[in-house]
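Multiple structures follow.
Two complexes are shown next, each including chain A; its partner changes from chain B in the first to chain C in the second.
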Partner chain A sequence: MKFMNMKRFGSAAMAGALVLSLAAPAFAATSTPAGQVTISGAYKDIPISVLVPESGTAQINPYGLPIDFTLSDTITKVSISGEQITSAPLSIRNQGATKLSVNATLAVDTSGADNGVSVQKAALSNEKGKKINLALQVAGLNDNKYAVSSLDTTLEDNIIKAFADTATWASAKSLPAEDTAAGTALADATVAKSASALAVLGASTEAAGGLITYGKDSIAVFRLSGKLNESPTKSVSGDDVDDPWTTNDKFAATVVFKFKPAKAASVSLDKATLELGTTANNSKTVSVVFDAGDTELTVKTYAWTVDPATNVVNLTNPTSDTVTVGTAGVGTATLTCVVTLSDDSTQTLTCPVEVNAAHN
Partner chain B sequence: MENKKSLDKRLIAVIVGLVLIIMALSFFLLFRKDTSDIGDGGTPLIGYATEAKVMLDQDSLQAAMDEAMKNAKDGNIALLYKDNAYSTNGVDFDCYIVNSASNKYDMFLTIYADDALTDQIFLSGLVPPGSGFEQISLDRALETGDHTVGVVLTQVDTDETGAQVIKHQVAHTMEFHVTK
Partner chain C sequence: MKRKALLCVLLALILLCSTRPAAALLSNERGIVIEGTSRLPVIDVVVPASVNILINPFEMPVSIGDGVYTDQIICSPAYIFSRSDIPLKVDVSITASVYPDSDMTLATAPTYGSGTSKRAFVYFEMQTSDWEYPELVQWDPAYNSAKHIAVADGVTKTKQNILTLRPITEGEYGLPPKNAYAWFRLAGDAARDPTSEWNNKDGIRVTVAFTFTPQSYVTN
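Coming up: the complex of A and B.
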């Protein structure tokens, strides 16, 4: 009898467990999304891995008052002044093994009661109202002092110093905000999109334990920058009257970044092989095709050579992107072009050449 | 007989333990916070310059900057994702979006179909650091073709009262592809 009771108890317990085990997925469906998984190390593709700052704040600073940024020692300060839109130092950092291009969108919300702020894409020129010429600026950093571990105590300070240095922004890429009338909600704002990469972030390396070592060009700083008139006016009964900036004047900007593996620069020849005749069809051109990809590289020099140097073909314009190859004899040769890019890297391209009467 | 009694006790102990574990799991899932109930914690908008206000005096400006610097120290979010997601029906997408293990907070994911981040098509539950998504189902189908969507990652913290509040937000885009 006692044994039977235990069997009954056991059955009841198992039934209860069954009910709960069925119920648990139903609860999970409302609080945990389907498809949530723990990512294992078996995933072989390289994902995008970037460190970005959270939503931040900016200040409208009509008079360009100076601001201090305090470094990690809590004593040393670096300053900026003359900036009419200011924000804390912001940076994006590539933590992955793939070089990334950075694009972005920018939209401005000027809604809100008593808010007369509007955005003008064109440069300001004696405008009367509370107009702001606003842009997202992104400046890639490229120096060995940034090629350190993510735990290096000098990194944050060096980023702050770069952010405060006007020289950093001299080469920055800008994404200007589109015209936005006062009182425009975000949903109605025209979104500005970068047409080309605002920055290319070099790869980083990850050591065991997740420690990141940045490359010298893995980090970019960014900010909102803008101009506004110090003394706005408004028209009242046909007269211009002062309409000074107040603490009720504001805007909200939404920046959405787009990261993707950067397209590398590439060079190629427009012909894979070259066939020349001896009496006709005895002169052809070969050109280098250069694609900068997401880089800012340019071609520095072209150096064409041919092997053997004589007896088969001769070259005209051997230091330009297009070379003319003329018949000098019969046989085969190899045309070579060494392309030197603006970062002093070189690419070597070759094209086999054949000269005989069959190609006349 | 003694062996039989001992076996029965062990069986009961195992069953009771199993029931307790399942009940605890169910309790956790039942009372886990839904993301739709999470307060904004003073983070009303998405973007890097929410509520940029006029500062007319040096002290206010510097105080605002000091506060922003202080917040920035704890404000970085690690993104870990693949740029492309694929679907054959416009609703169910294979993707790779992870709350990086280096992040401190749980996060939820909101996906928008438009650049202005107003047309919401997906809202996830909370995801702890180290976990993520390999498949998601949108609220409505996207048409066949390529779509650039806005992905907003929102980190959630627990305040001193035990309530979950929004801690940080960042936004980036992804490419969603629908093929037949």
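Coming up: the complex of A and C.
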């Protein structure tokens, strides 16, 4: 009996030692010699506040049957039809003050299906079996009707309406699922990763009491979409026989969204200053360099001007991205370009110009 | 006992220290699992088990329900309707056989009552009801090979997508919608005075098989 107690005590002591050894780094000495300063550089997590549903539902819908969504009045319905893969309305909402770009991964578990459901990345072309061409689609919303408080009763209805509207998905970004054989568990599934941002979520503002007010572009809707064989068949003794879809046919898609602060669109000039001669070296070009960042913005117009307007330089092509600056006299001037982007925002760029015989 | 408890606590601590979530997400990641199940149509069509057909070469008046008919081929009223949740495309297959002891034959074209051979021309016709009420149906005035199926002895004939049957629940105000009922009948004619006279051994057996296919909403 005494021997047994000793054994237990020994086990407890060994376990304790193991715990202490795991925790050892926490107690490591950190003292430094006198006169030295240690500057620690540690990665700081990106503080994000995004609302993402933890679960969702989708349907394998071979005939594209209508799916109804009921609005908050519990009476009005909106519906979608003609989609062979349909999802219940899903959305992601940026509740933070930072504009975020959205990337994602998609993996499909086909192990829950009894009848050989598989995923094919390439477009279907007369495939016989129960193959699904599946993709995650993300569509950013951008309208003032979404720029409301998170408690606004119209918000959910407007999101559902947007989700059911085919026009919403016309410009959606897609992440196709990779090939996944029938009976593949999630751990063994090939993960599809988006190569570029699927959406950019605008910032929200937080009012007193933690109430969120969304921006007009803080929300994106997402869904699973796809194509499949309406009337699958299987080969039995060399003959194709009907193998219709059943309620045992199912899949589970795991989507992981990754959020990063969005890179804003930027414009700059390819030259910081411009030096022109009076007789030689008296004509140069200056160009606007545009980077859309994570946005989908484009440049709408370029408007080049120079101050003073005469006597120093003249401009050729003052409404294009590249302007030619020619000598008209001697002195200094300021070249200005106002760039208007597709969202009607403007950015002003300047470049000092000096005309001097020394630059000939 | 105290040592036992201590041991359990320590083992639990060890477990906690060595366990990590299998698919841990970074602080800027959020995950969602979307369960996909099948949305399949409910196909539920009410079809009469049997229908009576009468060969009436002498155009005798025959009472059926509230009506009196003198056609040479008379069929008792029959219709199908759908309690499905989607419109259905209807295909029809017809197989006919003359009674084994009969010397009649089935003609391949209308007889118009003439001829000395004991022949009957029988065709299958199907129409959707024009309005919410099943009894309102308009039959074609004569045989039309593009729309009807002429029955033939020992031969199965098929016509695909003969009509689309809408669910009876699809109408407004609790009424069935237009075209919710699809009537069918066998019609035709027969030689009035064949050399071998008509008798009670003459008759045909017709098997009508309906195939219902959900109307797809998918557009490619």
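Assume the second predicted complex is superposed on the first by the 310 of 360 C-alpha atoms of A that agree within 3 Å, B and C clash if a C-alpha of one lies under 4 Å from a C-alpha of the other, contacts with A are read in each partner's own complex, and residues count from 1 in each chain.
Note that a residue touches a chain if its C-beta (ideal position, glycine included) is under 8 Å from a C-beta of that chain, and two chains touch if they have at least 3 such contacts.
This is a predicted model, so every value here is computed, not measured.
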Subject >> Most chain A residues touched (candidates chain B, chain C) >> reply: B
**OP:** Mind working out whether A:E230 is in touch with chain B, chain C, both or neither, as first, second, both or neither?
**Re:** second
**OP:** Would you check which partner chain A:G209 touches, where first means chain B only, second means chain C only, and both and neither mean what they say?
**Re:** neither
Original post:
Is A:I60 touching the first partner chain B, the second partner chain C, both, or neither of them?
Top reply: both
**OP:** Look at A:V255 in the shared chain and tell me whether it touches chain B only, chain C only, both, or neither; answer first, second, both or neither.
**Re:** both
Original post:
Which partner does A:W245 reach: the first (chain B), the second (chain C), both, or neither?
Top reply: both
Original post:
Which partner does A:T86 reach: the first (chain B), the second (chain C), both, or neither?
Top reply: both
**OP:** Mind sorting out which residues of chain A both chain B and chain C touch, each in its own complex?
**Re:** 9, 16, 23, 45, 48, 50, 52-63, 65-67, 85-87, 90, 187, 224, 245-260
Original post:
What does chain B use to touch chain A in their complex?
Top reply: 4, 8, 11-12, 15-16, 18-19, 22-23, 25-26, 29-30, 32-34, 43, 45-58, 61-62, 64-69, 71-72, 75-83, 96, 98, 100-102, 115-118, 124-127, 130-137, 148, 150, 155, 167-173
**OP:** Going by the contact rule at the top, pick out the chain A residues touching chain C in the complex.
**Re:** 5, 8-9, 11-12, 15-16, 18-19, 22-23, 45-46, 48, 50, 52-67, 81-87, 90, 92, 187, 224, 230, 245-260
**OP:** State the interface residues of chain A toward chain B in the complex, per the touch definition above.
**Re:** 3, 6, 9-10, 13-14, 16-17, 20-21, 23-24, 27-28, 30-39, 43, 45, 47-63, 65-70, 85-90, 95, 105, 107, 109, 186-187, 189, 191, 193, 210, 222, 224, 245-261
Subject >> chain C residues within the chain A interface of the complex >> reply: 3-4, 6-7, 10-11, 13-14, 17-18, 22, 25-41, 85-86, 214-219
